[in-house]
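Okay, so subunit A shows up in both of these, paired with subunit B first and subunit C after.
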Partner chain A sequence: MENFDYTLIDWSRAQFALTAIYHWFFVPLTLGLAFIVAIMETIYLRTGKEEWKRITKFWMTLFGINFAIGVATGIILEFEFGTNWSNYSWFVGDIFGAPLAIEGIMAFFLESTFIAVMFFGWNKVSKQFHLLASWLTAIGASLSALWILVANAWMQNPVGMRFNPDTARNEMENFWAVLFSPVAVNKFLHTVSSSYVVAAIFVIGVSSWYLLKKRDVLFAKRSIIVASVFGLVMAIFMIFTGDGSARTMAKYQPMKFAAMENLQTGRKNAPLVAVGILKTRENDEHKREDFMFKFEIPDMLSYLAFLDPNAFVPGITDLIHGNEAQGIIPYKNKMEKGKVAIDALREYTLAKKANNEAKADSALTVFRANYEGINAQGEKERYFGYGYISSENQLIPPVQLTFYSFRLMVGLGFVFIILFILMLVSVIKNKLENRRWLQYLGLWTIPLAYLATQAGWIVAEVGRQPWVIQDLMPTMAAVSHLESSSVMITFMLFAILFTALLIAEIKILSRQIKIGPKEGGR
Partner chain B sequence: MFETLSLLALQQYWWAIVSLLGALLVFLMFVQGGQTLIYTLGKTDTERTMLVNTLGRKWEFTFTTLVTFGGAFFASFPLFYSTSFGGAYWVWIAILFAFIIQAVAYEYRSKPANFLGKRTYEIFLFVNGALGTLLIGTAVGTFFTGSQFSVNKMNLTNISDSTISRWEAPFHGLEAVLNMQNVALGLTVFFLARVLGILYFMNTINDDAIFARAKKQLIYNAAPFLVFFLFFLGSVLMSSGFAYDAATMQVSMEKFKYLHNLLAMPLVLIVFLLGVVLVLWGIISSAITVSTKGIWFSGLGTVLTVFALFLVAGYNHTAYYPSTYDLQSSLTIENSSSSHYTLTAMSYVSLLVPFVLAYIFYAWKSINNKPIDAQEMQEEGHVY
Partner chain C sequence: MVLLKDNLLLKVFRFYYEGFRDMTVGKSLWLIILIKLFIMFAILKIFFFPDFLKSKYSTDKQRGDYVMEQLTKPKP
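Right, the complex of A and B next:
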């Protein structure tokens, strides 16, 4: 176990985190702004007013600038599964590769074809075809999100497959189970709706800047109306999909759920900690967080997780040490089963090579019995991945980061809803121009929107550590066979390049905003 | 429909799809080739703007095809993905960097306050054009010459060091440049991309000065392209190749393997020869007449030739990604593919491809119905 090169694993994780975080700076705006632009262009076609064309073209220019860097930072993520997570690519490539290929064929071509019509077709195609191109670009962008999120959801809740000991990998058995798993559906809907909210806030924020500068007032107010309505609808939808995501997490990733709530000891009628401050206690059998302060809502966690205020919600210690009354087996037992499964796989492979069918059959029986099982709730649970784990403490994700990120995300989500309502009411009552505080709020909510969406991904990804595939493969078993110095160098290179590109994007966007809609955004 | 096909038939079908995507990618790298010629063909700012803009309307297709090529390879032959990408790390990372900088270069080049300056983005385009083509060509060269890696699925059961695919050369892929055949293919792709870029400019830009310079450059680039292509082709056809026994799956060296493959698959040979003739016809007709249609002949010819070469590398019991470190670790379409179920599911998705090609063709036609000229650069609302 000590032979794992943890420096390599940490740099590989850091590089993936870095590139994913940078990519996610740009994707939400692309996803949402594409729809906002399409809506604005629809209004232009409906009303025939040139002002709406001007509005559309301005936001389209910002969309194009952001789209380019989203593409630039996105290509690395696809190939990184191979370059840095080589074992992962084989172990689950049979399932994971398919959504990536479908993403390319179905979504990327749709997006890249019609975005060219969007930008270069104004004077070359009919108005109706141009509008269709704008909508198809928006749909293509969200479709590409669908497939990569299906792939990500499968990592959180691997379904629709079976391990093949002859090929030493998991193989797909049911494509529809992968596509329509509850985790995938909730993840997709929650992620895209939150992205639409980010884009709506961006439009409101930029428009608020114009109001603060007392220029392009009509343009700004019209943009705010579209963005507020779009944002409000999507934010409400986001709450429901977020609720669904949390419930699937409680069911399929109980440790992540417990870490997110810092629920150390499981209980019935579990309260939801609305606000809390944590303090680490080091001199314990496992590192644990205590609350220095908390404000709880009684029974709420049980209700949110299982729609039953009396439901038992397992805590971190229940999952580590087991809870017989609740039918939870300790991690230690899972680790033992995992090791037995791995040993049996080795025996099976050797027996096969030696053409010893009897020994192979017996090894396979042992393997099947220890690869997975059925828990007390009648759900399938896997043990194989636990065989790579040397200590129960490795199975606890960073609690503080997950706990705070979740609260930041949820808290800001409600702030955004209030902002949308205030903006909408103010603009309808024609009072927005006089409410400078609201204009400032609109402007300064832009960075908060980005913070919230990144926090969401931190909950999703940090919260599921150490798993790259839940219960089947930890990150240390997934990594490529490289020198840690190589990955450290590429990490630095990505950090420098992406930071330079981010600065370039912000500067270009800022200048285009300063130039304003009068110039058509050029 | 696809369910009834054998696993081998599905593997062959998917090798053909991956080959087609690879062939389309090489054709679409006219964008990269064109990017290396912006300063050679464009002497004024307006001329360079025309060159950049005619490429800028197509760069995303090359980029998307690359991404789809990667995704399709991952889905259909995941062991290649894990072995090559995780092993030849530096080559693939260098290729990825070359494409990352391209993706922003068009949109940011002429925008005010672009932080790095117009010239930097033009250098990005040049680097992408030169490195992207050269490295992809060199990497594909290893499909015929082999690499130093090992694959052992038993490693998964070694809980402290479980990586299945390991690269056994210290430079993680960079050693490919030490092989002349690989480099020759890299240079072939580089000069071919430039030839295609020139033919594309001749077809899409209505400017006499650019046309005259492009015509001159066509000869300068076609000559080295032919030299390197013939060197690569000759050396591959005359060298030993990596064959495997269909019954035992044992890999062994076979003299003139790739020549045998061409002769054993007459249809592939015809496609190959037709492709070469079309590429040459596109070049010759553009050099000696005032035709602007050369890109269509050479483009189609490129697709057919590259498609046939990929089939030669993977069909007829040939290891398409051979290991010179351990012959038995070599990847074949049979030992590196996805399962029957996944290949079947993916095959249904592949039926969308004609539909995708149809709408791409329609959309291209709708915005590219007349060549770019200087006037359009001043009138157009969105200029790179």
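Right, the complex of A and C next:
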């Protein structure tokens, strides 16, 4: 729609992206390191060797630093929902509120209680209870993430609710449908497993630094063994969860999938572009991308998307202009239906205010008929959000950013698997101390792990544009009517606050790493 | 029973008290946490992040009407 303030929308998006990116610097390490610490403590309890207690306590300290500095950074995102995204916050109603409330309660009771036992409980509670507290902290942290990710997955695939035209809110109809939607299950598993991989690489990187400095060698090698095994298992698991995520994307967000692959024209036996370089086509109304270079794997995209090498994968053009043979209706038709639904909703509201029940009923019937429908595959599809779109081009996400981010994430994922294997084999063969190149590789993979996990979120969030709630609410309709200058000011404030926190984190972590494991450790 | 309860509460209090007292790295972390929470809740939330709908309207009905108007506003 032409009456949107795009400066305000862009600044609001930039602010949310900034806070989410910074928040995600802290979260993966908390989620993964908690499990690594719990595993190390389990080894200590089983072997009774004091060295494992030292190892556990050292990584627990780093976990504590990261947890303390990162804690509550996510609350800022909730501030933003209420201030900058008020239309969205109202529209999603209790769908978003319920998971966030459960997350808050779980985070408080599980994490806060058992973290205290983890840090204060050495020699004060039994070893078994202390270990239980460590495991419950790790499980609690990941369960907290579950509820946030369920809320995010609902935005990508809104299910289990019904829109109430009297309150302008969505009401939960089926909590279990929200919790166990295929998008939510895959998103949770993929996000937490990737976080575990980040933490494993962090442990390997820091341990590699000790090996480069030729100090605390036994400590470093034992830490690398635990992190490599944990990281390898999780990285392999991540391949399957990523595969599941891609399949749900192909089904529920076909435009994001097409953009991620830069698949302009749909086809059967679609190949997967393993590596490619894009170039924007000149004087093209849809700003399409061409490949300057690409290396393809035949039939692979069809297989990955639908487990059938002969399956048809819709391209960007099919989705814009429709494809009758494949039962895809053009965006223009969806936009028309969406506009009819919005107009009918306005008519319904006015008729209700005027106590004209007959007109209200008739408007509601039109609204329901155009709010959603059933597609050729028998799946529910929604049109309401398309009513806010003025041009089909707005429905194409930034292709280059989505395409490259996806390849960066996947490519680095395979680099991490190779790193875990090399580290594990080198430690077992007792050759790691002589392989300084591998130690450097371990150390410098830490920033790459963060880059990969941020790239994953870029695929998920940039790739779904223009939608804040898939097919129901575009980003432009979700923002509050604020002064864009006030959003710019808070953007700057957050940039300063989060940068200060990140610097504090790195400084305190570095100081603690330089001190090294206490009570010995050779 | 009361004595046992008191004893348990006392134990929990001592557990936390001694834990906080013996912290080393934790003390500077707590300082960071407190400064951060102060900035977030006493400055950012109050001065920069009021709840848009709650600050403008007093009832849910008014908030719903406002959002409905925003969502169904016709094109100019």
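One rule holds in what follows: the second predicted complex is superposed on the first by the 514 of 522 C-alpha atoms of A that agree within 3 Å, B and C clash if a C-alpha of one lies under 4 Å from a C-alpha of the other, contacts with A are read in each partner's own complex, and residues count from 1 in each chain.
One rule holds for everything that comes next: a residue touches a chain if its C-beta (ideal position, glycine included) is under 8 Å from a C-beta of that chain, and two chains touch if they have at least 3 such contacts.
As the structure is a computational prediction, the values presented were derived from the model and not from experiment.
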Fit-or-clash call for subunit B and subunit C when the two complexes are aligned on subunit A: clash
Partner chain in contact with A:Ala133 - subunit B first, subunit C second, else both or neither: first
Subunit B versus subunit C as contact partner of A:Phe237, first or second or both or neither: neither
Touching partner for A:Gly64 - first (subunit B), second (subunit C), both, neither: both
Subunit B versus subunit C as contact partner of A:Phe306, first or second or both or neither: neither
Touched partner set for A:Ala504, first subunit B, second subunit C, both or neither: both
Chain touching more of subunit A, residue-wise (subunit B, subunit C): B
Subunit B versus subunit C as contact partner of A:Leu345, first or second or both or neither: both
Which superposed partner A:Tyr450 touches (first subunit B, second subunit C, both, neither): neither
Which superposed partner A:Phe291 touches (first subunit B, second subunit C, both, neither): neither
Clash-bearing segment of subunit B, relative to subunit C, as chosen among 78-86, 186-194 or 294-302: 78-86
Common interface residues of subunit A - those touching subunit B in one complex and subunit C in the other: 1-3, 61, 64-65, 68-69, 71-72, 75-76, 79, 82-84, 86-87, 89-91, 116, 119-121, 124, 167-169, 342-343, 345-346, 349, 477, 480-482, 486, 490, 493, 497, 501, 504, 508, 512
Complex contacts: residues of subunit A adjacent to subunit B: 1-4, 57, 61, 64-65, 67-69, 71-73, 75-76, 78-79, 81-91, 93-98, 100-106, 108-110, 112-117, 119-125, 129, 133, 164, 167-169, 171-173, 175, 339, 342-343, 345-346, 349-350, 387-388, 477, 479-482, 486, 490, 493, 497, 500-501, 503-505, 507-508, 510-512, 515, 520, 522
List of subunit B residues in touch with subunit A within their complex: 57, 60-61, 63-64, 66-68, 70-72, 74-76, 78-79, 81-87, 89-90, 92-93, 96-97, 99-104, 106-108, 111-116, 153-154, 156-157, 159-167, 172, 338-339, 341-342, 345-346, 349-350, 352-353, 356, 359-360, 363-364, 366-367, 369, 380-383
List of subunit A residues in touch with subunit C within their complex: 1-3, 61, 64-65, 68-69, 71-72, 75-76, 79-80, 82-84, 86-87, 89-91, 116, 119-121, 124, 166-169, 342-343, 345-346, 349, 477, 480-482, 486, 489-490, 493, 497, 501, 504, 508, 512
Complex interface listing, subunit C residues touching subunit A: 15-16, 18-20, 22-23, 25-26, 28-30, 32-33, 36-37, 39-40, 44-45, 48-54, 60, 63-64, 67-68, 70-76
